[in-house]
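Both complexes below contain chain A, partnered by chain B and then by chain C.
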Partner chain A sequence: MHETIQAIILGLLTGGVYALMASGQTLIFGVLKVVNLAQGALVILAAYLSSSLFVSFGIDPFLTVPIVAPALFLLGAAVQWCLLRPLHRSDASQLSLLVTFAVALGIEGVLTLVYKSDYRTIQPSYANRSWTVAGYRIGEVRLAACLLSLAVLGALALLLGRTRFGRAVRATVQNPTAARLLGVEGDRVAALGYGLGAATAAAAGAVYGMVYSFNPNSHYDLISRLLSIVVLGGLGSLGGTVVAALAMGVVSALVGALISPVWSDFSFFVVLLAVLLVRPQGLFGARLRGAL
Partner chain B sequence: MPVLLELRGVTAGYGAGEVLHGVDLTLDQGEVLCLIGPNGAGKSTVLRVVSGLLRTGRGRVLLRGEPLDRLSPRERLLRGIVQVPQERSLFPAMTVWDNLLMGGYLLDGTRSGRREVRRRADALAERFPLLAERRRASAGSLSGGEQKQVELARALLLEPALMLLDEPSIGLEPRARRAVFDTVGALAADGRTILLVEQNARSGLAAADRGAVLESGRVRLTGSGAELLADPRVARLYLGAGGEPQAQQPDPHSRER
Partner chain C sequence: MSNRSRGRDTGRGTGRGTAGGTARGAGRTRVRAAAAALAAAGLALAGCSSSAAKPSASSGARPALTIGISLSLTGDFSDSGKSAQRGYQLWASTVNAAGGVLGRKVVLDIVDDTSSPTQVVTNYQNLITKNHVDLVFGPFSSLLTVPASQVAKRYGYAFLEPAGGGPAVFSQHLHNLFFVQPAPVVQQGDVFADYILSLPASQRPTTAAYPALDDPFASPIAAEVRTRLQAAGIRTVYQQIYPAEATDLSSVVTAMAAKKPDLVVAGTQSADAYALVKAMVQLKWAPKLLYLSNGANDPLNFPGNVGAGNVNGIFSSGDWFPTATTSGNSAFVAAYTAAYGGAATSIDSTSAEAYSCGQLVQEVAAKTGKVDNATLISTLHSGSWPTLEGDLSWNSDGAANASYVLVQWIGGKLLPVFPADRAQSAPVLGKLPWSG
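Let's turn to the complex of A and B:
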């Protein structure tokens, strides 16, 4: 029993970090109808930038987020403006897959050139410290990472729900032509939306680098998980994404602890397949479609 | 009345296919003009060219003598051109009230703009009781007729100089259709300038000061509603191109103005 609860705690904390990474993916899909294959690479890029700032300047990995996030915001907005915007509307959804994959490969290439392909982790002094609460171990980094995720997700929800920009985003997601007819500049909203999605990858990257070891190729593994979460949550639903990420985290941790770590990753995809067999639209796909 | 909108030899199309082959049309300030014609004649395309959703090929679109052709939909909106498209244009997951406020999106970037948008929204809620009654309902839960009323109210939030209404009655049940034409009539009585596209020629022309018949991308006839309805060429055009019988059938909801 103790082992089960410990696994659930670990799973929830890990799921929180995945929720952050995948929420950017969901936002981009919602606004642009683009399956952003570069999201994993953006997370890894952020992990490297965070690692460099920590190693070279001694900046705490969590404090690198406010530096790396604006940089990735600009990169994301530039990718949308320069590479995705010019795509012809009729075949944009297929071509955007190729374009975002190309961006992922480009980032991977640059990272390999600059950092080589060795694995690394970000190791602040508190990386391996943990608290023990009622006999259960809670890693400091994982807890802080999960809290950061919740804070960023909360900020994202406020931004979408309460601001003029948020209304423009939601309007564009729900009815792009109508939004345009009311004066919403679709291209600008799309660029800001992609930028915002990339910025969440920045927050996630710093955290990812402390929890997992990574190299420039790590984005392949990451993107397959992110896509699974986004599909499981019901494409385009932020709430669904968070629930799916937590569910995936818990299932992986439980399987890892109770059966074997070998099956842990695999269980991720088994859950996806099982859910899609019963609910092809994902957990929240039908109810919240278009709501973000 | 001064001329508000003028189309001079406008061509436009989608991709390589040209839909409008030189449309000439004028619309006076305070006038309601109904554009009728068979399916595929280019009626909606005319509206899209005026609102800027579609670029003009050759020819010019002028508002109060100022060319619009290079302006984006947003810039045209700023000049007071509001389009209510044929397809549903509410944001289904937003509340009715938020949908209404989105009509003032261009204005609400500043504090005073936001106040103004709210003042206008409150005024519209008095005119359209539905807005107050279903204020917190999600727009997607409204019936088709109710949605159209919210769309029309939302279009009024910017106090437009020119309203483009694309088949507002399409797909609605008779009572809702009557309500739409009542609203159009009320707007006309207010002195609004409206370019109305209608498949239902009788109801459309009855609500308008003047009509224009579009066929194969050109304006073939213009005249008062009564003249056009009595014109045998109108009937022939309708039946000739795709057999649109609406112009022929007596419409129980038509009103003479």
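Let's turn to the complex of A and C:
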């Protein structure tokens, strides 16, 4: 029983880390209807930048977030403006897959050139610390990631629900033509949306770098999980992302501890397929266009 | 061997992308600049290659000894390929400074195989039939060594290879092949089993767990140790193979901890070794003895990935270490750091393995007065040959008959501790740092 409860705790904490990483992915899909294959690479890029700031200047990884986030915002906005915006064709959503994959490969290539392919981990003094509560271990960084995840997702929800930018985003998502007629600059909203989604990778990268070892090609495993989470949660649904990430964490940890880690990822996909059979739009996805 | 090179040997975990991918959105100026840089790099490479391919023949001098090598200078194995290149080049410059091999200047003809098993075949074919090199040395990784060694066999060339230690290499039964490391990779953990079985019964663990990465260069190592320890009465309480994509091993450690093993023997590469230790530290659980086949044998990267305070007591094994007392090692380390900079701990073992190939050629030449392929093949199959890797001899399939070295983190340093003739410190049987 102890083993089971410990696995559930681990799963929830791991799910929190993934929710943080997937929030940008779901935001970008919500705003642009683009499945952003570069999100994993952006997380790894952020992990490297955070690592460099920590190693070179001694800046705490959590404090690197406000430094790295603006840089990733600009990068994301530039990707949208320079590479995705020109895709004004009926097959833009398919082509965007190729473009974002190319961006991911480009980021990976640059990281390999700059940092080589050795694994690294961000190791502040608290990286491996954990609290013991009633005999169960709770990793400090993972708990912080869960809280950070909630904070980021809450901020995004506020931004989209309570601000002029958020209204513009929602209007563009629901009816781009009508939004344009009402003076919403769709391209600008899209660039800001992509930039914002990329900026969330700053927080995700700092946390990922402390919890896991990473190298430039770590984004391949990462992106497959992030996509699974946003599909299960419902493409574009922030709340769904949290629930799906926690579900993935718990299912994988339980299966890994009680059955075999070989089946961890597969078991999550079984859950994913089962949900999609009943609800093709995912747990919290809307059937109508414009999940946000 | 360091985890870096072993990791590449499996073909896992390297950068597939190139910087060229970032140039797509750039303007013409940047494209021209990139093209110019590429052209310059190409010219530089061509310069290296042509100077190597056309040995200078000053009047009266003995002809150069040309050695053809295909290396992964780009692509998935490029980091390790470049490490091998440094080792080969260091040996060539060292031997040339001493007058060459039998008075013949050594010239390396190194070509890039882009980490491709197809290109490596073309390269060796060209090196032998067009460039007419005198000898060939091996590429990096078992993946490339297998097809490359077939080409060498076809033309009767000796194939001294530093980095192809997988079962596929030896199952070819090639008489011309010599793996220049102490033993096949799957035997890497045998030295730890030897050490455990050398302990008095009162100190021996009674139960053991065997988590291992699903990788041909990891799980067979743990399996081989398990077979030997089980036969000696050490009960297996947990064994588990985890997939390469399992980045978080907390659930494995949770399950393993519940079985309370005295000993954990983990068949690991690098990232999973780090993940195992981090999970143990976070869960505050430690066995009495911990052996990681790879990852922990990398003095440069292991402390940074698991925390320098968590390394002491952990065992690993490898083929070469900077402090080794093997033939010519101190001179090699000094020459390497002088030529390439950095600390001794930053030397990738692949460089030492490549350098050792050259040592063997020198020794055969010194013993026989000849340096041709038939002499190399027949001579190396008899006797024992001192190298940076230890004293090597080979079976008929090219697998070396020596043993890896057991190392342990002691006082923050990675020290050889077993067997006794290679040890620089006695093994320490104490609690792991995070066990409280």
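We adopt the following convention: the second predicted complex is superposed on the first by the 287 of 292 C-alpha atoms of A that agree within 3 Å, B and C clash if a C-alpha of one lies under 4 Å from a C-alpha of the other, contacts with A are read in each partner's own complex, and residues count from 1 in each chain.
As a convention for this text, a contact is a pair of C-beta atoms (placed from the backbone, for glycine too) under 8 Å apart; a residue touches a chain by one contact, two chains touch by 3 or more.
What you are looking at is a predicted structure, and each value in this text was computed from that prediction instead of being measured.
With both structures placed on the common chain, the touch criterion links A:Arg188 to neither chain B nor chain C. In the superposition on chain A, no contact is made by A:Arg279 with either chain B or chain C.
In the superposition on chain A, A:Lys33 contacts neither chain B nor chain C. Set side by side, chain B and chain C differ in how many residues of chain A they touch, and the one touching more is C.
By the touch criterion defined above, A:Leu10 reaches chain C but does not reach chain B. When both complexes are overlaid on chain A, the residue A:Tyr212 reaches chain C alone and has no touch with chain B.
Of the two partner chains placed around the shared chain by superposition, neither chain B nor chain C is touched by A:Arg85. By the touch criterion stated above, A:Ala178 is placed in contact with chain B alone, chain C being left untouched.
Of the two partner chains, chain C is the only one touched by A:Leu113; chain B is not. The residues of chain A lying in touch with chain C in their complex are 2-3, 6-7, 10, 14, 82-83, 102, 104-113, 116-121, 123, 127-130, 132, 137, 139, 211-213, 215-218, 221, 252-258, 260-262, 264-265. By the touch criterion stated above, chain A contacts chain B in their complex at residues 164, 167-168, 170-171, 174-175, 177-185, 288, 290-292. Residues 4, 13-22, 24-25, 79, 214, 240-243, 245-252, 254-255, 258, 270-271, 274-275, 278, 281-284, 300-301, 304-307, 310, 434 of chain C touch chain A in their complex.
Taken together, the chain B residues at the contact with chain A in this complex read 51, 53, 73-74, 77-78, 82-83, 85, 87-94, 98, 101-103, 105-106, 108-109, 154.
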